[in-house]
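Residue numbering begins at 1 within each chain, and the chains themselves are lettered A, B, C and D in the order written.
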């Protein structure tokens, strides 16, 4: 048995742990051969491969990024994309493919499996934790820890100068990082894409915090939007969800808060720092287990499936079903956390 | 409604986050009053209290330890213990009690609830993650992260000197910390209390690692024991499980490895560093949600229950049932991880 | 003897350690009394004080920010500022004042000492490390560590996507943070305010890095400026040094790199995260020793002086002399580090 | 010009940064060739080499340990040791040797240079910071940060249980790590090898701390010894300084404190965790600069010298002189810090 492995989409702490888990178990327990494809779907599309064996995965567990490289190449949008992939898989004598990626990567995997009979097993990956069918995705815990440490640090600078500090974190369509890091960091306001916010209400929370002689921290997901729609956007294009593509909500909000409350406000945009570097222990554990279970699915011939976390168990679910809808923050959960606002 | 709160047993990162969650929601949403009892069951036993209100819980979220203090005092073993507790609760006009603790603390809570009609809600706490009925307990993730970082550091010193490094982590009866940190840290051997180990097999793994020109890391839970029973113990007393109380398995094992393989071996005992200090983001999230749900259970009059994590939901289970048996590492899970040994 | 203490300017990890050092030694060894002034020079200007004794400094060593608050209030620019300060010092029966701050705060201190006979001892503070007369200022090491950790994380995301990552760090007039963090983080280009950069040369380094199959990290101090002067500035105002106030050099540079090299580039602006939170061990050590030596200078009646680090010794230098010129990066040192560019 | 490089003695964060600095500058600026010798003096003794060029030093800056391996092999104690080294250097056509190491490694280097005309440049390395002639050695700052973080964590567990926590840190002959980490961590007692301690005085400090309702942290260097000489030693052998080899002073002291004060005491021995893993930003900076200056000394033909830090400058000093005496903690500095005891 010869198994191909690829990683697609934005990078995410834990990708290397998955690869290592797949290869260690595949070689040692099942005697499989492996081939790595470079840069997501670009690899099988162009026949660009890299050696993947036990020495190749030595020492990669604590390293961020992916030794296979990544890209957002979508073969469904390329001429003869599917045919070229099937040809290159045949040329490499690949019997099965493990595709590690987010919604886009797995969407391709699902179509390859369902419509073209390619033997694919999926491993879900999204720093944003917004993939349904799995309790958590690896990378998310690392991002939340990094954002929480940043918020911890910003508290002291906010208090010393009695300023508002607005922290923009990742999360274009779902507010998981904002919600978890905001709660863990003791933020006074948390704004998420799932619920349009009212700037006046944010200002009321900010003001009440100052009245208690403390300085407020506002955590805002990059995809959060004001209800009143008066936000000046950097870029008016629509994204794949029909939403206006937002960048800069943090900076915009800080200026609005200054204007409406008369208090100094500063913005920190955490950006790519959230998705790089060594994974947290939880993410190493989860990613490794995903890898071990993915190769087990290959061994069982259980294709068209994706591994997923349910409680403390790793299970298998149909890829297509798993990517069908975005996992967003439940309003009840957001309300639960709202007791800490203001 | 006036609610008492206490924290018992060994300290654990996240205790303060629970207390803060309880008080913030209790005061702001339900208008409750609170009283803190000092040092676990010693507080209600001796009527030793501390003010507990919104100002008292400001800024405690990121702090380790517990602002209420803790102890291992067991009122069931004290003369008239139960009567004195009931009297002091009455004197303080406490309508309900939230007991945050591990097996012992919750065991008392269960009996108070079931046999003496005390209105108690429990919050599970164990750094060891060995309490059944909940997927995870807070504090565990922090401990695993600390142990993993230590193992990361030890790799480089092992490699530079081609030595065996034995890391002893917490876990007297369950190997969860050893298993998670060992996997996340890329250990070459993981030894847990649930499965007696063979020293010769450990030595074989160590030797095979050296053959591949790498230096081995052995992670051993403090409660792990050799199968062959030739361990020289520091202390021969039996613990409550009828096991011999072990301290020093790490040091003992390092000497055995040296003796049998001829390789240099060193021991690191992480000790109390694993249970102190600021909680990880996951533990702050979990502990806070446990606090919010515990006070909700009080509001609902749902006494004799304990909050618990199931997947991503916080649920309620009978305290007595939850503490009935130790949650140990499933042999199948240990086998799954075994692919990384050697 | 009654001693006033104030902290002025931007906050900086280690301020609390200084205060604790001053008070612990002042009370325990010399039997002095203390009074804290709130928010830098605003405190003595308005007579706004806070109790400062042993209990007030308990537990503050590891905490960022300043328990005394800070501001950029300049009494020299206030009507009757000096007179009001002298009156309030007299009213509080303050015999000596310890002023902890940067160039502005110490500039006021120097004039108060030299022209008005106020008995002042200075403690230098600048996150930017750009104060002459001292080898290092506290806060700098913490900022460098935070920036280095961020760069470590960005490497993996740069490599995975073969992108340029531009990291903007603090340093308006001096490039110390950029130089130290850039070197420690393994950056491929470091740009500092002391030397105007050529965008084409930056692009050449970036391109050569890609040719070696690695992705480049560019660290740029917020005050760095291009030689060719074609930078579109957010804000055209001149600062106190007659320089154009720059914000956004990082974002501007990323766009130029994209335009000129055709490679994707992303920016991370670390911002206030660099100056908040718990101090590094080095900064706690340095800040504490500055505190101990400042109160010793008071005891010796050695006013108009500032404590300073020289090698491993803490010495005293005239405040006025110490703030006379900015300590910038020596061209020879910048050249030394240049071997790692490209 | 062909330059050999070796690393000897205990490993230390920053070794790889030195090697990278040497090679990057040597190749790029001077066009030199390099050869690595494995495992300290064992390499040139046995002719065991490893390729050392630009690709070999890619990515090693943030990594602990040493890519060259290390050992404590002393060629002066081997038959024909010097002759074999000279032969192997000749065979490898090595024109100059850079020896990175501590007292022992540099002692050999000094003799090779002085007595046998070998062209050697030294780079000082000791985690303990006890080498005279340099303000700091790399690795020390990392060790102090790790120990400080551990002490930070232990505070909360000490407070929660009102226990004494004894932390044993590295430092056999000099108390630098204990002094710096103890001060930075807010320890209540710091015990160093330079000053024999009185157990009763330690107990008095411990008791006074409890009286103030706080729990004490005692930091003790592994080489600290009681004045009263009643310590039961694990091992009675004499070390090279004629001192009794101590291990276990932490555990011994905890038991004495329990016995004399009646308070519970626990010990944490940090051990090898202090010397492994990624270097702090300061250590990466210092180690890199040492590397750059060492190869510059080779270029200048300035052999028999060692690089050293003086203030912020890197200078050269005769190796022999530099290792002539141990740099111990000055009693005045210890007294200065003593204000925080108790």
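Things to note:
The criterion applied here is as follows: contacts are C-beta pairs under 8 Å (C-beta built on N, C-alpha and C of every residue); 3 or more make two chains touch, one makes a residue touch a chain.
Protein names from UniProt, one per chain: A, B, C, D = Pyrophosphate--fructose 6-phosphate 1-phosphotransferase.
Small disclaimer: the values here were computed from a predicted structure and weren't measured.
Between subunit B and subunit D, the least number of touch steps comes to 1. Common neighbours of subunit A and subunit C: there are none.
With centres defined by CA atoms alone, the chain at the far end from subunit D is A.
With each centre defined as the average position of its C-alpha atoms, the distance from subunit A to subunit B rounds to 30 Å.
Note: centroid distance subunit B to subunit C, computed from Cα atoms, is 41 Å.
In subunit C, 152, 278 are the positions where the chain touches two or more neighbouring chains simultaneously. According to the touch criterion at the top of this document, the contacting chain pairs are A-B, A-C, B-D, C-D.
Of all residues in subunit B, only 24-25, 28-29, 58-59, 61-62, 135-136, 141, 144-145, 147-148, 152, 180-181, 183-186, 214, 278, 280-282, 284-285, 288-289, 292, 310-312, 336, 339-340 touch subunit A in the complex they form.
Residues of subunit D that touch subunit B in their complex: 10-11, 13, 15, 63-66, 69-71, 146, 149-150, 152-162, 165, 266-273, 275-278.
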